[in-house]
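Here come two complexes built around chain A, the first alongside chain B, the second alongside chain C.
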Partner chain A sequence: MIRVIIPAHLRTLARVEGEVRVEVEGVATQRAVLDALEERYPMLRGTIRDHVTQKRRPFVRFFACERDLSHEAPDARLPDAVIAGTEPFLIVGAIAGG
Partner chain B sequence: MATPNEPAAPMTLSNDEVLRYSRHLIMPEVGVEGQQRIKAARVLCVGTGGLGSPLALYLAAAGVGTLGLVDFDVVDYTNLQRQIIHTTGDVGRSKVQSAAEKIAAINPFVQVLRFEAKLTSANAMEIFREFDIIADGTDNFATRYLVNDACVLSGKPNVYASIFRFEGQASVFGAGSGPCYRCLYPEPPPPGSVPSCVEGGVLGVLPGLLGVIQATEVIKLILGAGDSLIGRLLLVDALAMRFREVKISRDPECPVCGANPTVKELIDYEQFCGVRSQESSGAVVQVPEIQPEELKRKLDGGADVFVLDVREPHEYQICNLGGHLIPLGELPQRVHELDRSREIVAHCKGGVRSAKAVAFLQGAGFEKVSSLAGGILAWADKVDSKMPKY
Partner chain C sequence: MSSVRVLVGTRKGAFVLRSDGKREKWDVSGPHFSGWELYHVKGSPADPNRVYASQCSEWFGQVIQRSDDGGKTWYQPGTPPGEVTAGPGSLPKAASNKFIYDVSAETGAPLTTHQFYDGNQHPWEFKRVWHLEPSLSDPDTVYAGVEDAALFRSTDGGKNWHELAGVRGHGTGPQWQPGAGGMCLHTITLDPSDPQRMFIAISAAGAFRTDDGGKSWKPINRGLRSQYIPDPNAEVGHCVHHVAMHPARPNVLFMQKHWDVMRSDNAGEEWREISGNLPTDFGFVIDVHAHEPETIYVVPIKSDGEHFVHEGKLRVYRSRSGGNEWEALTKGLPQENCYVNVLRDAMAVDSLEKCGVYFGTTGGQVYASADAGDSWAPIVRDLPAVLSVEVQTLA
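What follows is the complex of A and B.
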C-alpha cells in the first residue's frame, strides 16, 4: 500500500480527504502509483500528468523522503520507505495565494 | 549558511533604540552589530495582504530600517479575517497607507517607502533597486513570476511564501547558488485550473504562520545567521499541523537562472500566465453566458428555466438562488438528474466553475445551456443587494 498526498485542490476534485492509499502490483514506480491513482480517481487524469505525453506537468513536483523525485525516470523504483508505507509519496503543486 | 548582507555603513543605535531592541541585543546571534545590520537593511514587501501583514508588522517591530510596501489595492471587508495590519476602519482605504500607519505606530524608527501601484515589468526593476531583500507576498501567478525574474536579474534574494486553504509553501529563492522559483515550477498552471484563495478559501491564521516564516528568513538573511531556506521548500499543512521539508535544486536549464538563460529581461507575465485570455473571455472556457438581469427577467416572467448551482454544499448554505445543487466535481456522475429539453442556467460564485459545467454539458449533448456571467456575486451586485457576498 502506497501513501500518496495530493494537492488540496485535487483532493477537492477527487472528493477525498487527507492521504490517499493505492495498491500497486509489481515494482512500485512513479508510473505505477500515478496509474493506480488515476484509475481510482479518473477525474485526476490530466491534472498531474499531461493527458497525451503522460509527462509530469511543469507546475507539479514529486517528492519523497525529503528528496525531489521529479526528474527520476517514471519507471524507477520508489524509495523503500515509500514502498513500506512509512513515508508518503508527495505530489506538490504550485499555489499562489497570499 | 545564509547570505549576509553587508550594510553600506555602520549605523549607530540611539538610547531609545537600545532600549527598544534590548531583547535582540542580549542575544549573541544578533547583538549590537546585528541590530545595526537590521537597521541598515532595506526590505521590500510585495503585497500588504495576508502574508504581507504579519511580515511587515514583524519586520517593523524588529527594526528593519527601510521597509518598502507595494500594493495597488484597497482594504475590503473580506480581507479582515486574515490581513491583520488593516482594521475595520480602514475598509475602502489604500492598503499601503493603512499599513504604513500601523508600521509607524509600532516603530517610528522605520522608514516606509510607499509604492501605491501594481508591480509590473515596467516598474519592478526600478523599485527593486532601492532594496536588498525582496519578500513575495503576492496573490497571483503572474506577479510571482515577475518577482522571481526581477530578483534573479537584479541578484536579490526572494523570500517566498504562498498559501491556499490550510496549506502553505515557503522557501528562499534566487540567492547565491540556490534555485529560483522557475527552477521549481518552470510554468504556471493553466488559468482557472488551480483555484485562488478567493475561490477556494484560506484559513485566516495560515498567512500568519507563513508570513512569520518569511519574516524569520528575512531577518536571518540580514544577520547572515543560521540555515536559510535556500534550496529547501517548506510544506506546511495547518490542518495536520505538519511541517515537511524537501530539498530543491537549481535547474541548469532554467530559462532565467540557468547556464544559458533565455529570459534576460522582464517579459509580459500576464501573457505568460494566460491571464489576458481569461479576462477577455470573462471565464476560462468560452461558453454561452446569460447576464443576471436577463435571468431575473426570465424567472420573473415565468420562463421554464432550470437553475443549476455547481458550487459546493457549504457555499449553498451561505446564499443561493434556489437552484438545483450539483457540485461541479459530481456533475459527470449526476448528469442524469438534468432534463436536456429544458433551458439550463448554471451558476457558481464568480463564473469560472459554471463555465466549465456548461462546457461539459455541451459536450454531453445539452443545447439550451448557459453560464450566469459573474456568478452569484454578480447577481448580488446587479439584482439582489440583500444577497450576502462571500
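What follows is the complex of A and C.
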C-alpha cells in the first residue's frame, strides 16, 4: 500500500479525510501511483495532471522523504520508504499566486 | 407565492441567495466549493432544480459541478453523490472536466493556433470554463464557453463535453487574440424562437452567430469601431464584453463593448452606437428588463486602465428608449469613495411582475432592486469578489 497525502481542496473533491492508500501493481512509480489514485477517485482526473498530456499541472508538486520529486521522470521508481509505506507520497499545491 | 434564487459565483466560492417575491429578506447559503473560483453558476430554464457551476483553480484546473435540488447539494456529473469509486464495469467517470479541442478532419477544424500577444501563433490551450448556458428546453443539454476560446456542448447533463468546432473552424480563428482577461468565449445567448440560432462573443475576437444549431458560424461585427484596430471595417478583433437579448425580441441585441454600448436590430448584421449621454461608455455588463424590451441597464466603468466606477459613485444607468438616453440610478447605492468593478456576467434580472435587477461587484457586494432599478439594497456586502450573478424566478 502506498500512502498518499493530497491537498485539502482535492480531499474535498474526493470526499475523503486524511491520507489515502492505494495499491500499486508492479514497480511503484509516480505514474503508477497517480493512475491508481485516479482509478480509486475518478473525480480527481484532470486536477493533478492534464487529461491528455498526463503532465503534472504547473502549480502541483510532488514530494516524499523530504525530497522534491516534481521533476523526476513519471516512470522512475519511488523511494523505498514510500514503497514500504513508512513515508507518504505528498501531492502539494504550490505556494503561488498570493 | 413566487420566489427568487440568486446564484452568485465569486473568486472563492459560490453562494445561493433565496427570497420570496417581496425580495426584502434573504437567506444566504455558502460558500459552496470554498476556496475555488466560481466563474459561473446558472440554472436550467427547463428544470429550475438543475443548476450547473464552473469551478476552477490555477492549481487544480477545471471542475464541473451540478445540483439537482436547486443548489442545496452538488456533485460532479458522472459521479453520483456518495459514490467515490468506479466499480467494475461501471461507466467511465470524471470526464465532466475533460474539454478536448476537436481537431478532426471530419469537422473541418484542424485549427491548432491563434495569434498571441507577441504577434506569433500560439497553440490553443484549455484553461477554464467562463460561461455555462443551459438549454432552454432540455435540462441535460448545456453549452460551455471556454478559454482558450471555444464552444462545447454536453447532452448528458455535463458528464461529457464535445466541441462545436465550427466556431474555431469558420476561418478567422488565427486572427483572434487574447484580451487582458485571456482569450475567452464568455457570452452564449440562445434564441428562444429558433433552436438553431445562437449568439456568442469572444474577447478579443467579436460576436458570432449560428443559424444551423452550431455547425457553422459567421462573425457579426459590422458597425463596431475599435480604435486599436487599424482597419475600421475589421471583421474580427473586437473586444466584445457582453451581449444581451430580450427573449421576446430575439433580433434585437444589445452589446457592451470594451468601449461603446451598441445595438443591433437585425440579429447582429449591423450595429449602431447607443452610448448617448453615458458618462463613460466603457463597461462590462449589459442587461434587458424582463418585461420592457427597450429598457436596458449598464454600469459605466471609468476606463480600460481604471477598472472601477466613474467618480467614485456606483451608478446603474437605465435607458427606457433602447439606448442613447440614459438615467443614473443611485438610490441605495454608494455615491462616494466607491471603486469597485462589475464584471461581465455579474448582472441579471428576474421575471416577477415588478422586474428585479441584481448585480455583484468586485468588492463583494450583491445589490438587488425590486423596482426595476429605482432603488437598491445590498443582499450581502462582504463576499469575495463577485464574478457572476444569475437569477431564477421560481413559481
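One rule holds in what follows: the second predicted complex is superposed on the first by the 93 of 98 C-alpha atoms of A that agree within 3 Å, B and C clash if a C-alpha of one lies under 4 Å from a C-alpha of the other, contacts with A are read in each partner's own complex, and residues count from 1 in each chain.
The working rule: a residue touches a chain if its C-beta (ideal position, glycine included) is under 8 Å from a C-beta of that chain, and two chains touch if they have at least 3 such contacts.
Keep in mind the model is a prediction, meaning the values are calculated, not measured.
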item: When chain B and chain C are modelled together on chain A, clash or fit; value: clash
item: Partner chain in contact with A:51 - chain B first, chain C second, else both or neither; value: second
item: Touched partner set for A:93, first chain B, second chain C, both or neither; value: both
item: First (chain B), second (chain C), both or neither touched by A:59; value: both
item: First (chain B), second (chain C), both or neither touched by A:67; value: first
item: Partner chain(s) touched by A:43 [first = chain B, second = chain C, both, neither]; value: both
item: Partner chain in contact with A:13 - chain B first, chain C second, else both or neither; value: both
item: Clashing chain C stretch [against chain B; choices 94-102, 130-138, 256-264 or 292-300]; value: 130-138
item: Doubly contacted chain A residues - partners chain C and chain B; value: 7-9, 12-15, 43, 47, 57, 59, 93-94, 96-97
item: List of chain C residues in touch with chain A within their complex; value: 33-36, 57-63, 76, 78-79, 82, 84-86, 92-95, 97-98, 100
item: Residues on chain A engaged by chain C in the complex (per definition of touch); value: 7-10, 12-16, 38-48, 50-52, 57, 59-60, 93-94, 96-97
item: Contact set on chain B toward chain A in their complex; value: 47, 49-52, 136-141, 144, 161-169, 184-189, 193-197, 200, 202, 207, 233, 235, 240, 244-249, 329-330, 332
item: In the complex, chain A residues that touch chain B; value: 7-9, 12-15, 18, 43, 47, 57-59, 61, 63, 66-68, 90, 92-98
